[in-house]
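Heads up, there are several structures right after this.
You will see chain A twice below: alongside chain B first, and alongside chain C after that.
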Partner chain A sequence: MKKRSFTPYFFIGPHLILFIVFILVPTIYGIYASFTKWNLLGDPVWVGFENYKTILFDSTSTFNAQFMNGMKNTLIFVGLSVPILIVIPLMVAVALEHKKVKMKGLMQSILYIPGLISISAAALIWLLIFNKQLGITGNVFGSQIPWPANQPYAWIIIIVITVWGGVGGNMIIYRASINGVAKDLYEAAEMDGAGSIRKFTSITLPSIRFPLIYTFVMTTGGAFNVFGQPLMMTKGGPQQSTHVLMMYIRQLAFGHGESIAGMASAMAVLLGLVILVISAMQYYVMNRNAS
Partner chain B sequence: MKRKTISLILLTAIFSALLSACGSGSDKNTIVFWTPLTGDDGAYMDQIVKEYNATNPEFKVKHVITSDMYTKISTVINSGKGVPDLAIIHADRVPGFVKQGVLEPLTGVLSAQPELKQDNYLPQAWSTGTISGTQYTVPLDIHSNVMYYNKDLLKKYNAESFLDDNIVTIDEMLSLQGKLDEGDYVVNDALLGWVILAQVQNLGGDIQQDGKPAVNTEVMKKAFESVKKIADAGLMTPFGEDGYLMFQGGHVLFSTDGTWSSTAHAKVEGLNFGVTNIYSPTPDKFTNRASSHLFAMLTNEKRTDEKEQGIGAFLEFIRQNSMEWAKAGQIVASKQVIESPEYKNYIQSFFTSDEKEIESLYIYTYEHYPYIAEAVDTYCADIVRGNVDLDETLATMQKFVEDKIAENNKAAGQ
Partner chain C sequence: MLKKINLSKYLAYLFLIVLCLIWIIPVLFGITTSFRTEAEVVSSGFRLLPESWNFENYKAILENTSTAPILRWLFNSLFIAITHTFLVVVVISLTGYGYTRINFKGRDTLFFTLLGISFFPGVVNLIPSYKIIDALGWVNTAWAMIIPGLAGMGNIFLVRQFLKGIPTELDESARVDGASDFRIYYSVILPLIKPVLIVCGLFSFIGSWNDFLWPVIVYTDVDKMPVTAGLLLLQDIYGNYRMIGQLVGSAILAIIPTLVLFLFAQKHFLQSINLNSGLKG
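Entry: the complex of A and B
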């Protein structure tokens, strides 16, 4: 008789259970809900693709307008924030590698800690910093308008708080991977007369290819799910120009009045599809270029 | 092999115990009481519950503050597990919840406690919970949109006469045009959506007609236009600035925020303030758009009759002993409390000082009110500031509400 071992199940079990209970089942149910009309309390009523048709093609519908505006604003946020969240942490990580930089651990902590602070607490502080009367916008920049209520400033403050909170995470990954690059490569390059820029582009960047792809894909996925920053900083204004898709989804499903969870699920599934396609494309393009 | 099997069973047992622990917490001699009262309000309610439990009742009350209570309610109602015995819900939730069968009538509770009756509460707070002759809720309070005024600024600008008849009209406010120092404003834009909904009442209109939402109407247009006049005259705090803080900073004559803000205003050193009704376009009528915290029982077959008696005893205790709730700045719904001399010490007693004031506290009970409020809140600031075309936006708002209602009807299989 072959002896069965349970040991592997002990290791994988807890994660598998949590994954099934909190991710797999809700995802499947969410996809199912997107094909229904559902108010969270009654039984879902199956309507096939009706929600998707309304969201994508019925230009007279409020939900179409919300989805298009939300998606547009989300894409603007992704376009603005992701490049900064890749470049700045990379630059910081490389700079911290320099021999003359003292107190590297302290610098790293200072940059990393904002990521641990809750977005609502951080937003309250930043709103005061950007307050026209109390903060820097009026007193330092001499600006006469309230930033959260005017574009392009509304986007600027959202991006500032995002970058402030998001730099640390990627930086840690870059630092760790740069540390893993063999020192003799740099020494050899120096002997061949390579400057620091050449060393960065020809040694550092190719060596941390996978961490770069990983952070790029994960940061983009995270940026698509943006919610807290615009909610807290601008409440979606001015004129819903920073109202991102996740805010509409939440308002529909868990806002005031009876829930419109079916429509919200359909929007969420569409957002998920967009993230999936873009992540796959990023991975494909970067991996191909790298190899 | 045997040991492994035992440890596997043990682990499974621990896991299931842990998971089931999340859902339980109810025991048969405890009234599990959910409220969405976060912050200071929750602490005041904790105190009331503590005082009740100190009387050694048969059923003790366990107060659970749940910040996203309405989401959790849909979860527990769906699964039928972990349904609280008692909950506090907001007035605008009642019609929808009753229609969906989420609330249980309080018939049993009320028949056991004869003092829990309409005559002992503010009338509109009580009647909000009456649907087709059945009582579903017992009120705790009315929390309303009110207008605070800065006494020193009123004196400075010789505007104390505005308060004479307890109605500050928009014309009176406009009379201050050109008279204010730079950086001073007549009114802020706090809770602007509620102010607009009050004007709809002041102008003799409503938000529904024959059960259909009425947003794109002449009255709504007039309501917006009358408030917009103040902004156009440059008398409203600038768009995007924190008008609430500016009032506390002593630069704004009137602040249209809530009853609950009085405690925060009182903490500001040097702020000499009073409270009156929300401004009106007409000297004949004033309205303070209000809501109410209501005790309700969510549908739960497992709730025993004995426990319902226990809930009744708790509600009767609240009716007699909710002075603590006045500290939170709210207008207590129990007449016994508001008629006691101690209640006069609270600033919000102004709103129960006579019949006309009580009547002014207006709670919208239209079934789809939450969607209309959402539409008004989303668009009101841009309309009042002239950032968008009024007619076009009113049409958008009407469509916004109608589209959402249509979704509800489809979900209900209609």
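Entry: the complex of A and C
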């Protein structure tokens, strides 16, 4: 009997300890640190809402300017990338599910593979494509402009590499979901004379609404954490116009000079809150409209 | 009617083929450029194939063992990803067993509480996580990347879902024969949940290999970092565009392991979704 009561700890105990040490404690500490002045080395000093006031309302402060610029650029990235990361995978899935299309496996693999490539490796390859002297944009399209250093090209290359790497995951989800839609629904619609577009909007879309909500929420949440693409492709330029919030957070907490981890934590909490609120809204609105 | 179906077929083909070309050309162009001489890189315009295939770039990359020790980085990444994946499989199978096959008070409440907490955006725990890794003395060691990821709930959720779909008759009969929980876990359950463990393991390997933000923060020692963080340094080292063949060659070396893994385990990657019953509305 005594041995039995120890059993749960053996199975769930190790993970529970990991969870407490690497998720629970740092999350609580991260919220606490946002109310302090902290340089990562010494003890945090409580300052109440001081960091939040500075970030949100003190227009003379560089932290305010950084946060506003970082949040603006992050929102631009989310707004540009998320719709494409939903629509293209959906179109691919529909095209791949077309009865007469051959070599589905090969094409699916080609579109999936970039998702397995790290952002730093992908960026080095794409920077070659966008290189003025050697790449495709310069030689094939005759563009004389260095793309990473000029807008709107800086955003274009960030979005291109994001979409290139991000299409595969959602594509797999949509394909599996479309595959699961009952075939007789389509046959019945065909007999009623429905065309491809009508079948898509009246049968496919409503049938896959849960995967759609899921991918929409997950893709958006991921997009808010954007960091690697601008860091590798544009270094935040030109004139900080692609400098996203995550880059400022890392810079303030871990950059050169003394760490300003309290301020960075406050920015992180604000970013976290925005992600939470937006995902809750997406879930609520889409779920209501779907049912 | 017949004509209409054909039109949609050609549209589907056109769309897919154009997309596939855009998707594959950067990789092919990157590979061929890594075999060009510096003179050809500088002089020629865009040409898909090099004038002649030469290995100078790769020789130069591999000979640079001081500022950009790429073999060292690849070895670090491999050690981190393999160890992490092994531990993920151990932890999620044990924990999944615990949350489905062992009865203790508040079990499901505990599980869903942890799951709820884990939905909180990870950006908030980034800075304190560094502090914890620092306190453990793990900065600039492989443990900084191997251990924290084991705390996640996503894979445990999948294993738990999978286990809930397996009838308990087998473990009950083993229990009647006097088998302990560990015995049942090891001999009965582990073989049964192999499909879900393979998928979770593969994605853990890829995730660990490709992680970027975290290694950029926790590694300052060039000899200790994984290849993703190393490649960030390369832009300064091979930044001159004459050396772009070496820059791209390094990137190609960094993607080979995951591509090989994909070739061998393709069907697990592409069918993984079947395990995620939560997605089927």
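Just so it is clear, the second predicted complex is superposed on the first by the 271 of 291 C-alpha atoms of A that agree within 3 Å, B and C clash if a C-alpha of one lies under 4 Å from a C-alpha of the other, contacts with A are read in each partner's own complex, and residues count from 1 in each chain.
As a working rule, a contact is a pair of C-beta atoms (placed from the backbone, for glycine too) under 8 Å apart; a residue touches a chain by one contact, two chains touch by 3 or more.
Bear in mind that the values here come from a model prediction, so they are computed numbers and not experimental data.
**Student:** Under the superposition described at the top, does placing chain B and chain C together on chain A give a clash or a fit?
**Tutor:** Clash: chain B and chain C overlap once superposed on chain A.
**Student:** Just to be sure I read the superposition right, which of the two partners does A:N225 touch: chain B = first, chain C = second, or both, or neither?
**Tutor:** Second partner only.
**Student:** Which of the two partners, first being chain B and second being chain C, lies in contact with A:Q282: first, second, both, or neither?
**Tutor:** neither
**Student:** Touch test for A:A176: chain B only (first), chain C only (second), both, or neither?
**Tutor:** The answer is second: A:A176 touches chain C but not chain B.
**Student:** If you stack the two complexes on chain A, which partner ends up touching A:S143: first (chain B), second (chain C), both, or neither?
**Tutor:** neither
**Student:** What is the contact status of A:Q151 with respect to chain B (first) and chain C (second): first, second, both, or neither?
**Tutor:** Neither partner.
**Student:** Among the partners chain B and chain C, which is in contact with a greater number of residues of chain A?
**Tutor:** C
**Student:** Taking the superposition on A as described, I'd like to know which of chain B and chain C A:F6 touches: first, second, both or neither.
**Tutor:** first
**Student:** So which bit of chain C gets in the way of chain B here: 23-31, 59-67 or 95-103?
**Tutor:** Clashes with chain B appear only in stretch 59-67.
**Student:** What residues on chain A does chain C touch that chain B touches too?
**Tutor:** Shared contact residues on chain A: 10, 40, 131, 133, 254.
**Student:** Write out the stretch or stretches of chain A touching chain B in their complex.
**Tutor:** The contact residues of chain A facing chain B are 3, 6, 10, 17, 37-42, 44-45, 47, 60-63, 131-133, 145-150, 237-240, 251, 254-260, 262-263.
**Student:** Could you list, by residue number, the parts of chain A that touch chain C in their complex?
**Tutor:** 7-8, 10-12, 14-16, 18-19, 21-27, 29-31, 33, 40, 88, 91-92, 94-96, 98, 100-101, 107-114, 116-122, 124-129, 131, 133-136, 138-140, 164, 172-173, 176-177, 180, 195-196, 207-211, 214, 221, 224-225, 227-228, 231-232, 246, 249-250, 253-254, 261, 264-265, 268-269, 271-272, 275-276
**Student:** Show which residues of chain B lie in contact with chain A when the two form their complex.
**Tutor:** Residues 1, 4, 8, 11, 15, 68, 70-71, 74, 77-78, 92, 96, 100, 102, 238-242, 368-371, 373-374, 378, 381-382, 387-388, 396, 399-400, 403-404, 407-408, 410-413.
**Student:** Could you please specify the touching residues of chain C with respect to chain A in the complex?
**Tutor:** Listed in rising order, the residues of chain C that touch chain A are 4-5, 8-9, 11-13, 15-17, 19-20, 22-27, 29-30, 33, 41-42, 45-46, 91-92, 94-95, 97-99, 102, 104, 107, 110, 114, 117-118, 120-132, 147-148, 150-153, 156, 181-182, 185, 206, 209-213, 216-217, 227-229, 231-232, 234-235, 241, 244, 247-248, 250-252, 254-255, 258-259, 261-262, 266, 269-270, 272-274, 279-281.
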